[in-house]
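Have a look at these structures, which come just after this line.
The two complexes that follow have chain A in common; it is paired with chain B in the first and with chain C in the second.
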Partner chain A sequence: MMACRMLRPEKLEEWLAELLRSERRLIAPQRQGEDVVFQPVQTVDDITLDYINTRWPVKAWFFPPSEPVLRYRYQGSGVELEQPNMALEPRVIFGVRPCDAAGLAILDQVFNSDGEDEFYTRRRTMTTIVGLSCTHPAASCFCTSVGLSPTASAGSDLLLTPMGDAGYLVETLTARGEQLLWEYGHYFAAGECRSKEAVTEAAEARMSRQAALAQGIELSERLFEHPIWAEVARKCLGCGVCAYVCPTCHCFDIVDDSDAWGGVRCRNWDSCGFSLFTRHASGHNPRPQQDSRYRQRVLHKFSYFPQRWGRLMCVGCGRCVTNCPVNMDIYATAQAVLQVQGVKHET
Partner chain B sequence: MSERYLIEYLSRDSERLPAMRNIYRPHLMTVEDIRDETPDVRTLRLAFQDQAVGESFAFVPGQFGEYSVFGAGECVFAIASSPADRGHVECSFKLMGKVTHALRDVEIGDTVGFRGPYGNGFPLESLRGQNLFFAGGGIGMAALRALIEYCLAHRQEFGHITLLNGARSVADLVYKEDMVRWAEQPDVQLVRTVDPGGETADWDGEVGFVPAIIEKLAPQPEGTVAITCGPPVMIKFALLTLERLGFPQERVITTLENKMKCGLGKCGRCNVGPVYVCKDGPVFTAAQLQALPRDF
Partner chain C sequence: MSDDNWRPQIVAFVCQWCTYAGADLAGTSRIKYDPNVRIVKLPCSGRIGPLFLLKAFEQGADGVLVSGCHPGDCHYVSGNLLARRRFTVFRELLIFLGLEPERLQFSWVSAAEAVKWTEVVDAVTAQIRALGPRRQGWGAEARLQTSNSKAQSLEAQPGTRNLKPGTQKAVEEGIRRIARQLLQTGEAGVIVGYGNGTLKDVTTPLFVTEPEGVEQLVWNERCLNNLSVYLTREPVTRLGRVGIVAKGCDARALVALLQEHQIERDKVTIIGVQCAGMAENGRLAARCAVCDVHTPPLYDHLVEDRALDTGDWAEGDPRDREIAALEALTPAERWAYWQEQFARCIRCYACRAVCPLCYCETCIADKTQPQWVPPAFDARGNLSWNIVRAFHQAGRCIGCDECARVCPAHIRLDLINRKLALLIRDAYGYRAGYDATVAPPLTTFRPEDRAEFIR
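Moving on to the complex of A and B:
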């Protein structure tokens, strides 16, 4: 379904302005203090293209930090269930970096298969992702190490890649993307598919972190019990920020919140870094120390998820690295663990 | 681009969206009966309020559900009733935390929530024609009860059945009435034991931890499958004892009781390595557990 168009630089703003007037809600990167964040657009002037990546991944627009999955009302000794209200509006999210879009493709596997989670899936179905390739990766970025690239298309419906003065190369990747292009075709010049290879190579050349992590970690009993976990986790405070800023972390808790008349059952973001995460009612905790919890985080991303779903659960955005209050670094950890794994192969 | 895509796009969404079902929405259940098994273990008998759902509801022994008190939250327990008991499920729970305290407070006629069945259940096909050696400790018997009821209802399909039931004390033995009924069935041997110090003056059962009694009973591994459930420390030593008696790991079955929230393989809480207890378990053979990282 690969088709290419070009979007002239001066047409971009016009297109966004028309999108803003359309029935679709436009969500795009905007400056907020020091940060750039995804916000519903009020005026096109608020949209910024001057960012390496947004403060938060786009995850929360599909899987919010807290949301009701059920409402109920007490009726005598009975209970009446209600479906939670979901604001279901067609949306376009513009300017999603390839790493964060790839994060959505990963979340799709969890939420959108084998028992569809309608809250996530409905939002996904109603949202068109316009990706924006990355030309100037940050020092903390390592997408190529995990098998992606600054111009990777996974998870985007349309992907715009800046091609200098010529404007943006537009890749149409899904039916949703085709639909958007069909509606706004007059902004896009038809043309031959130009190669984005040079842009990709130039962006990759700017990346300092280029280790080979894409093959994942091969788990063995020796590796699982290895002292390296205690070593790498020693600093960990168990604050959970790494999970909250992660485009792919999706663990959640389900709790009730009620009053005398009824209540809501909410699902809230959770983190495997928290000590209560796996603690049984009996007090038994399969992961009693922070090293076992951090081991879970690393192995879930680099071993367990790949075994189950055939791809890593890390997109190399580097947010967990830059946000960690004690400078823990999953990129360095994965390398160190792979080194331990490698030693086994040599002996 | 052609109009075809617009039509395809819109029709797909409009057809698909209403068909989706809220996977977190529980069935409403009426509390029909309450039985106190021990001072801190209670069994609730729940009837589906939607009769059609109740009639079509089916499960495999060993599967579990999410039981909820509206206002307190959800909790995972095994479905403890017989699969033949249509329109109902039973759960047995020990008073521990917020939800079990709330469940303790419900009365007959009250409404609670139930969603399930989840998980794999016991491998019935590989049990048929075998002698069965059950060893349950404490509230762990709840996970075995549905299977015991199933096996006794299909008595001719299974060989000799041994039921070993242990608890901390005589007062803590669950399913006392069921035990009497089960022991009356043909070719069923019931052995009950309490931890040392937990016996009463008139106690006529065994005294000793479950693994020690397994050793004493020394079931023959040939033609026998051992099924054990109980607290982690009991399981650990029960598996060692069964191994010592010569049971191959493929013929020792147990359940993992990890903390769970969704029951659907999404919330990321119950995994042991790449295995999700809620999807791939909770029933595992000792051989399967052996292959997993020690993370349970």
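Moving on to the complex of A and C:
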């Protein structure tokens, strides 16, 4: 059952201030130079609501760029092992945009596929996500093209949608969200449950990217071998930007960072754009150039993942588009590939 | 230091012919001196690469001492003279990043100078003991920790000037005309130029192989990419002989690539473009404020910008004030500043990917046997990566600022590059990307090169 409440504009700050005083750790968007990033909050004044989206997706708070899975020290002829400290205080992350929250829903599937990833899942269960709907998407945003919307609720525990002067419509989506709402119920006015449809429509109308990509790409041998990959990937320089700014990319590498005394086995982000990603110990590389690497990126998101999990692995946040050094654009590529596949789509 | 029992760990890298023999003589002569130095013997100071020094710091050394034969005495003729330049630049780089100069010291000690060796060791040890243990960021305890130091923030020093667009449309026509001609005559199989990007205000690298395609080539103040990076990329060069659109700064990269024998002059046609300056965030890009290559230093065809006016652009690079502000800080403050910057690095290696001079088949950061750059994205690994990147570009970087532009974490790589470029200009009278016939500064030496810091 979905319940909804309203949060008056003036109550938002009060609520955040009380959250900050609680035993939960409050993480919220704050300015860092020219960017807005999620940071633990020191004072409520540091929180900003003036952002289209944060520089980095929220995933790093669950799947950090580099994390220890094991520490070791050489002791005499043996090795002393130490498990990383997984103690974690409960957290609230406020202000997560619908695309990034949907990215978490995708990561939830991945990190719980063959057994449970304790590092990821522990952080997930200790964290309540308070989503914040978008009213003014960026020119690079295309969530509606991939089946989401600026007010989509997937992945959020609570979702706030700005309804103008009336304040925020609050949707309670999970038990964790329910709990938070119950604890701070006095900030939220019960009452008439208003529809967010008008807000959604207005936000969607502001989106310039509206192709139909949600059906994904149907894989065929012809498509896999098609020259389009070499063509679109020619300018790709093979960095890690697109994967590292992506809310859904989840590839990692486990390596030992060691020296004479011991080391740390760490799990680092990795990217299919790097040549090292698939290079075998023998030196052979089954993806010898950028065309096959970029094809992997696109097909993983638009074909392989949907085949296995029934949904795209792109949430349309547009970060890879705006941060790519050479303006590789996955939205444009997906359209071009669909065209090759013979699918009509609107632009 | 309040703790009298604290003993610094100092690593000495010495050459086998002079300093090691000198240290050996000190031992056999039973001269007493400070025992805190561990010696690593190498054939020649020319083999004491900066990476070794970095490794020592990384693994927790409180200080590093480097020593070899006196200039003129090298057993391999010039190993120490080449090393002297590398040491100079590497030392300045680390000082710019906030290392206390006392922690990285150099000396010339001959096989006969047993006494000098002991004096050097005693003096270096005393200085490092006075400083205390190394800073956060190095050593095993820095593993998987990120810096949480609050850095002194630099006062933003944006350039004040707005852009003065030249006659962009005419330039664009000029580029298209030459491109068409090159493709029609078969002089070029592919034109590497700029096209419109998929977002407003963004251009994108464009590869044109048919004469009809040249209409997609564009020219405006958003043509930021340094396209010369593609000259060493097989997926592009396989399309045929390359004709490349080059701004002045891009042409400097072409000069550097020629100098380093990465491209052949007669296999590329350069469409040089007179450039009035590029825009970043609506403002003239910092490097353009001091540009002296509005007309490229190297081209086969030149597209002129008749409105090009660079007359009153003499107020300097705004970053020089930022560099001066950083240098006015204490080493500890500077260290905190850069630790905070590098803490944001996510090792995406975009800085490497866009750099026309990062053409190595396998980057040292990707080498695993041995693992030169610590793989964890932490204070220590990020520091090492950024030091290695900067040092490998020293004397080679042509200042296109592409690395800084694309860094998703907005790390001020441009300040580091420029600091090193200014240092090399002042010390060796060299600026990268102007003359393909001279040797790059760190591959050569002059007997009279100065290095007063060497004991």
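The definition used in the following text is that the second predicted complex is superposed on the first by the 336 of 347 C-alpha atoms of A that agree within 3 Å, B and C clash if a C-alpha of one lies under 4 Å from a C-alpha of the other, contacts with A are read in each partner's own complex, and residues count from 1 in each chain.
Following the convention adopted for this analysis, contacts are C-beta pairs under 8 Å (C-beta built on N, C-alpha and C of every residue); 3 or more make two chains touch, one makes a residue touch a chain.
Here the structure is a predicted model, which means the values were calculated and not measured.
**Student:** Between chain B and chain C, whom does A:Ala336 touch in the aligned arrangement: first, second, both, or neither?
**Tutor:** Touch partners of A:Ala336: none, neither chain B nor chain C.
**Student:** After superposition on the shared chain, which partner residues are touched by A:Gly238: those of chain B (first), chain C (second), both, or neither?
**Tutor:** Once the two structures are laid over each other on A, A:Gly238 reaches chain C alone.
**Student:** Quick check for you: in the superposed arrangement, does A:Thr278 touch first (chain B), second (chain C), both or neither?
**Tutor:** Touch status of A:Thr278: first partner only.
**Student:** So in the superposed three-chain picture, is A:Val69 touching just chain B, just chain C, both, or none of them (first/second/both/neither)?
**Tutor:** The answer is first: A:Val69 touches chain B but not chain C.
**Student:** In the superposed arrangement, does A:Asp291 touch chain B (first), chain C (second), both or neither?
**Tutor:** A:Asp291 sits against chain C, while chain B stays out of touch.
**Student:** After superposition on the shared chain, which partner residues are touched by A:Val255: those of chain B (first), chain C (second), both, or neither?
**Tutor:** It touches chain B and chain C both.
**Student:** Counting only touches as set out at the top, which of chain B and chain C does A:Ala17 meet: first, second, both, neither?
**Tutor:** neither
**Student:** Following superposition on chain A, which residues of chain A contact chain B and also contact chain C?
**Tutor:** Common to the two interfaces on chain A: residues 255-256, 258, 262-263.
**Student:** Applying the document's contact rule, which stretches of chain A touch chain C when the two form their complex?
**Tutor:** By the definition above, chain A touches chain C via 33-35, 55, 65-68, 139-140, 230, 233-235, 237-241, 244-245, 255-264, 266, 268-269, 271, 274-276, 289-291, 321-323, 325-327, 329, 331-332.
**Student:** Tell me, which parts of chain A touch chain B in their complex?
**Tutor:** 69-70, 72, 74, 77-79, 81, 83, 110-111, 114-118, 121-122, 125-126, 175-176, 178-179, 181-183, 185, 219, 221, 224-225, 250-256, 258, 262-263, 265, 267, 270, 272, 277-282, 284, 286-287, 292, 296, 299-300, 303-304, 307-308
**Student:** Can you check the complex and tell me which residues of chain C touch chain A?
**Tutor:** 58-59, 140, 143-144, 197-200, 202-205, 207, 225, 229-230, 234-236, 346-350, 352-354, 366, 371, 374-378, 381, 402, 405-406, 408, 410
**Student:** Using the touch definition from the top, list the residues of chain B that touch chain A in their complex.
**Tutor:** So the residues of chain B in touch with chain A come to 1-3, 5-6, 8-9, 12-13, 16-17, 20-26, 28, 68, 70-74, 94, 96-97, 100, 107, 109-111, 113, 231-232, 257-259, 261-262, 264-274, 279, 293-296.
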